[in-house]
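Below is one structure, written out as structure tokens; the observations come after it.
Labels run A, B, C, D and E following the written order; every chain starts at residue 1.
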Amino acid sequence: MFTLNQLCCERDGRDLFAPLTLGVAAGDYVELLGANGSGKSTLLRTLAGLHSQFSGSYETVPAVYQGHRLGLDDLLTPVENLLWFAGLEGATLSLDRILDALQETGILTEAYDNCAAMSAGQQRRVAMARWMLSQRKLWLLDEPLTALDIEAQAVASRIIKEHCASGGAVICATHQPLDLTDKTTLTLTPQLAETAS
Amino acid sequence: MFTLNQLCCERDGRDLFAPLTLGVAAGDYVELLGANGSGKSTLLRTLAGLHSQFSGSYETVPAVYQGHRLGLDDLLTPVENLLWFAGLEGATLSLDRILDALQETGILTEAYDNCAAMSAGQQRRVAMARWMLSQRKLWLLDEPLTALDIEAQAVASRIIKEHCASGGAVICATHQPLDLTDKTTLTLTPQLAETAS
Amino acid sequence: MLAALKRLWHKLGSPRWFFALTSFWVSLLGWAALLFLLVGAVWGLAFAPADYQQGNSFRIMYVHVPAAMLAQSLYIGMGVAGFIGLVWRMKLTDVFIAASLPLGMVVTALALFSGSVWGRPTWGSWWEWDGRTVSTLVLFFLYVGIYALREAIADMQLRARASALLAMVGTVNIPIIKYSVEWWNTLHQPASFGLTQKPAMPSEMWLPLLVMVLGFYALAGFVVLTRMRAEILHREGSARWVGEWIAGRRAI
Amino acid sequence: MIGSLLRREWQILRRAKGAVINPMAFLFLSATLFAIAAPALVIQQTSQGASAAGILWTLVLLTQLLALDGMYRRDFDSGLLEQLLVTAQVPFVAVLSRIFMQWLSTGFIIVLASPLLAVLLGLSVETLPATAVALLLGTPTLSLLGSIGASVTVGFNRGGVILALLVLPLFLPTLIFGADLVEAAQAGRDFMPQAYVLGLISLGALALAPFATLAGLKISLEMQ
Amino acid sequence: MIGSLLRREWQILRRAKGAVINPMAFLFLSATLFAIAAPALVIQQTSQGASAAGILWTLVLLTQLLALDGMYRRDFDSGLLEQLLVTAQVPFVAVLSRIFMQWLSTGFIIVLASPLLAVLLGLSVETLPATAVALLLGTPTLSLLGSIGASVTVGFNRGGVILALLVLPLFLPTLIFGADLVEAAQAGRDFMPQAYVLGLISLGALALAPFATLAGLKISLEMQ
């Protein structure tokens, strides 16, 4: 699904972590660990094409990216938001599939409310529905369990597991290990010594 | 420290949870639980004086409030931010105390960086230092463990414990139980039936 | 005594009480408006003598002047309501603002429109920059501003507070705006149209005007009260007395 | 895809109702201010038709400027913009549809309101069609070039003023030819040359703006 | 407390350097636009001193407006504003110090820049002191009343234009008396009456604005 080749992200010209080399295939779930500020978010943004300061190289496929900020439009309802996302990807979705996804993430009753009038966790649940409805195989998730209650955390784990089982791949930065048995962990460590030449 | 008297918060005229009656004294740690959208954040905002739609009544003392948004100024360094907060409270702080607090939350090396250039967890650590440096006894914390790594989560628990031990009180909304033994839990449940008269 | 006053105040804050009280007033004002407007219109349009200078075009006055007066009164009413609403947190005041805002906008637009239609024959242009015209135009903007603000806020209670605040600030400013605009006018322009000095109208001309003014105010009272009552029913939709009231209407 | 993109923009326009009324109201309001602050200009001068056109165009520019500031801000703050860049099959189209809607809710509305405004500023009734044509051909440039500036400044704290600085110079040619067109019409001269130029500038902006906007948005997003 | 509040504002001003330069640059830029779009106004008309004052004041108003939009936005988005209301011993003072700094970074800068601008617009050199006085007395009102509008609209998507609608009518008296003061000076008349009125309006605004702003901020914060 994607490969990293001596990849090392930079911020303000500073290398964030020891270079990574890794290949991820369909079906893999990778948990991205590391202390605060170790560069997890930056790595995910790089893979999503939103960050261009890095050394080394990577190859990847179009992905679903879920950052610290959700990317839902306040003025639209969940259904409208999801329709918009589908349109962006160039897909068409039936309303049934959207409502199914919202049911699965437990936010069906708010399907036609404005996203502005939702709690933090409720918005996260809408975002989960978005991953599910995307046709893309690779998911890049940055702390997806944030603000989710216990029940929704279990849903998130299940969704991710099913996605991997159906030939997808997920890389997920988190400080809260997900409830999945079959995982690869990737821990970001600071570069030990500056390569002072 | 504060008392709730049949307090029930409202949004758009809708009651969020079954009325609460509770008294919290110095030394108490209260964990505020409840599903997504049950009204935890709204309750904390009400106690902070930021939300005025409610029935029933409450009494409280001036508090430290930490919402979903941190309230740090991007353009300032952690030290400057903390000095500003102290000024707002009408206190004066020595630089030493500030640096001590930053050391305790593990963000001392970034003490003079701009907050804009910090990761999500690093900013949260600065916010933790803010609670510690406040003179106020009551802390209202909304999901304080968000974005913190394992080590920092332990620090948060310790800080809260120490605050309670020294005569403070903490109410903390969270989906991730804190590592404290001596706690009261308060679970928000939806109002069972509309009081249709 | 104080307690009685307090009780009255409390009652005033109760939508239900207001609803019951106004059912009489609505019909009274409605009939009064109809009567005054009919009499005023027929008198003013058919029987009042033509102006020796302006001919028949002066008859626009019978719409223009009442509209211009009402436009200002409604805004001041909103400002007062805003003040009461902010200080005593009375729900009814927002109902009043919600009810009178669109009417105020329409009436201000009517004053502007009738004025410029009148301006065509008398001034020779649709629009002139003059103290009265400008302050009416600004009044219109004040209305539009509050309207835009209300549209932008979804939450009912916050919408109420925000529009009350701005109606109040606007009202404080209205005299200042009016005064300064008139002052500006006298400085920059000779008072060529005689808007400010009262024309020595014969009583056959101003009596119908008075009747029309009364008619406009009665109509405004009728419209505002009716809209308020509808709004109350809407907001209190789940309350028991509303159900009873509707059942009562059905029975008739 | 275009359908779904435009639909969202439309839904938002409808829900944020002010979006349509506000630019117009601002335009009229600032015209009023002008007439009040400098009555001699509007009352005496423009009856000779010399500068009403210039005032009109300056006000249009300022209205656009004010509306531009919010063009991407909401989407930037909510993280929707990064989704747009990551998810869209053809980000180019997404950006273009946003620009189109921005124009629809400002430029186009201005065109519709222009007769009233022109009369208010003292332009003669005969020039109203020319004024509308000038605005119809000129305002797309303002939305297109403005979008570039908005995309670059969306990540800044005090975007508004920097945006103005970046964008107003780019608006200059449109301002000059637009005002000149109206003036020519007022004087009874042929105004087709100016119309062609305005149209050409708009076409040029159309070719340039979506790519530049995309680049600008990428830069802004990397700032996070 | 005031010291610490002002210190923060000062640090921010220093770090967001644009804050000081930008309003000024915008002012000059828009004056230039004007001169280009309607040269007759600036060159011929104002040499008679009739309307340069009006143009100057209109531009000042617009500059303020543009700067006002960002007055509370950054703090609102970052959650700093809620901290201010919850934490401040006397929120009133915090708000006042913010308004003061806003004025310092726009109104005061405009006062400093006014001689250059006045000359650019064709006012005579003798009126420069009067212009500066007028601005010094008038601009505080703009910051004060503007702050009310900014506080209420800070939570909106397209705040800018609604803000303009709410606030520009309130600026009207300042505009009129300000322009008139400069004109009186230009004509060699006594301008003290206007100066008194401008000062009085500012005082009135000072009494009203902090409380209204606080109320507005509370409303905006409850929208979340």
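Keep in mind that, in the parts below, a residue touches a chain if its C-beta (ideal position, glycine included) is under 8 Å from a C-beta of that chain, and two chains touch if they have at least 3 such contacts.
Treat the numbers as computed from the prediction; the structure is a model and nothing was measured.
Participant: Shared touching chains for chain B and chain C?
Facilitator: For chain B paired with chain C, the chains in contact with each are A, E, in label order.
Participant: Would you identify the chain whose Cα-based centre sits farthest away from the centre of chain A?
Facilitator: C
Participant: If we define chain centres by averaging CA atoms, which chain lands farthest from chain D? Would you check?
Facilitator: Of all the other chains, the one whose centre lies farthest from chain D is B.
Participant: If you tally contacting C-beta pairs for every chain pair, which pair wins?
Facilitator: That would be the chain pair D-E.
Participant: What is the distance in Å between the mean C-alpha positions of chain A and chain C?
Facilitator: The computed centroid separation for chain A versus chain C comes out at 56 Å.
Participant: Quick check: how many Å separate the C-alpha centres of chain B and chain E?
Facilitator: Here chain B and chain E have centroids separated by 37 Å.
Participant: What whole-Å value do you get for the distance between chain B and chain D if each is reduced to the mean of its CA atoms?
Facilitator: Between these chains, centre-to-centre, one finds 45 Å.
Participant: For chain E, what residues touch not just one other chain but two or more?
Facilitator: 16, 74, 77, 156-157, 162, 165, 168-169, 172, 176, 222
Participant: Can you tell me which residues of chain B touch two or more of the remaining chains?
Facilitator: 11-12, 52-53, 68, 74-75 - these are the residues of chain B that touch more than one other chain.
Participant: Show the residues in chain C shared as contacts by 2 or more other chains, in ascending order.
Facilitator: Correct list: 138, 141, 144-145, 148, 152, 155, 181, 184.
Participant: For the complex, give me every residue of chain E touching chain C.
Facilitator: Counting only chain E, the residues touching chain C are 145, 148, 152-153, 156-157, 162, 165-166, 168-170, 172-173, 176-177, 180, 197, 201, 204, 208, 212, 215-216, 219, 222-223.
Participant: Quick one: which bits of chain B touch chain C in the complex? Just the residue numbers, please.
Facilitator: 11-13, 52-53, 196-197
Participant: Looking at the complex, which residues from chain B come into contact with chain E?
Facilitator: Listed in rising order, the residues are 48-53, 63-65, 67-76, 80, 83-90, 134.
Participant: Tell me, which parts of chain E touch chain B in their complex?
Facilitator: It comes out as residues 1, 3-5, 7-8, 11-12, 15-16, 74-75, 77-89, 94, 218, 221-222.
Participant: Spell out the residues on chain D that touch chain C in their complex, using ranges where they run on.
Facilitator: The touching residues are 16-18, 21-22, 25, 28-29, 32, 35-36, 39-40, 42-43, 119-120.
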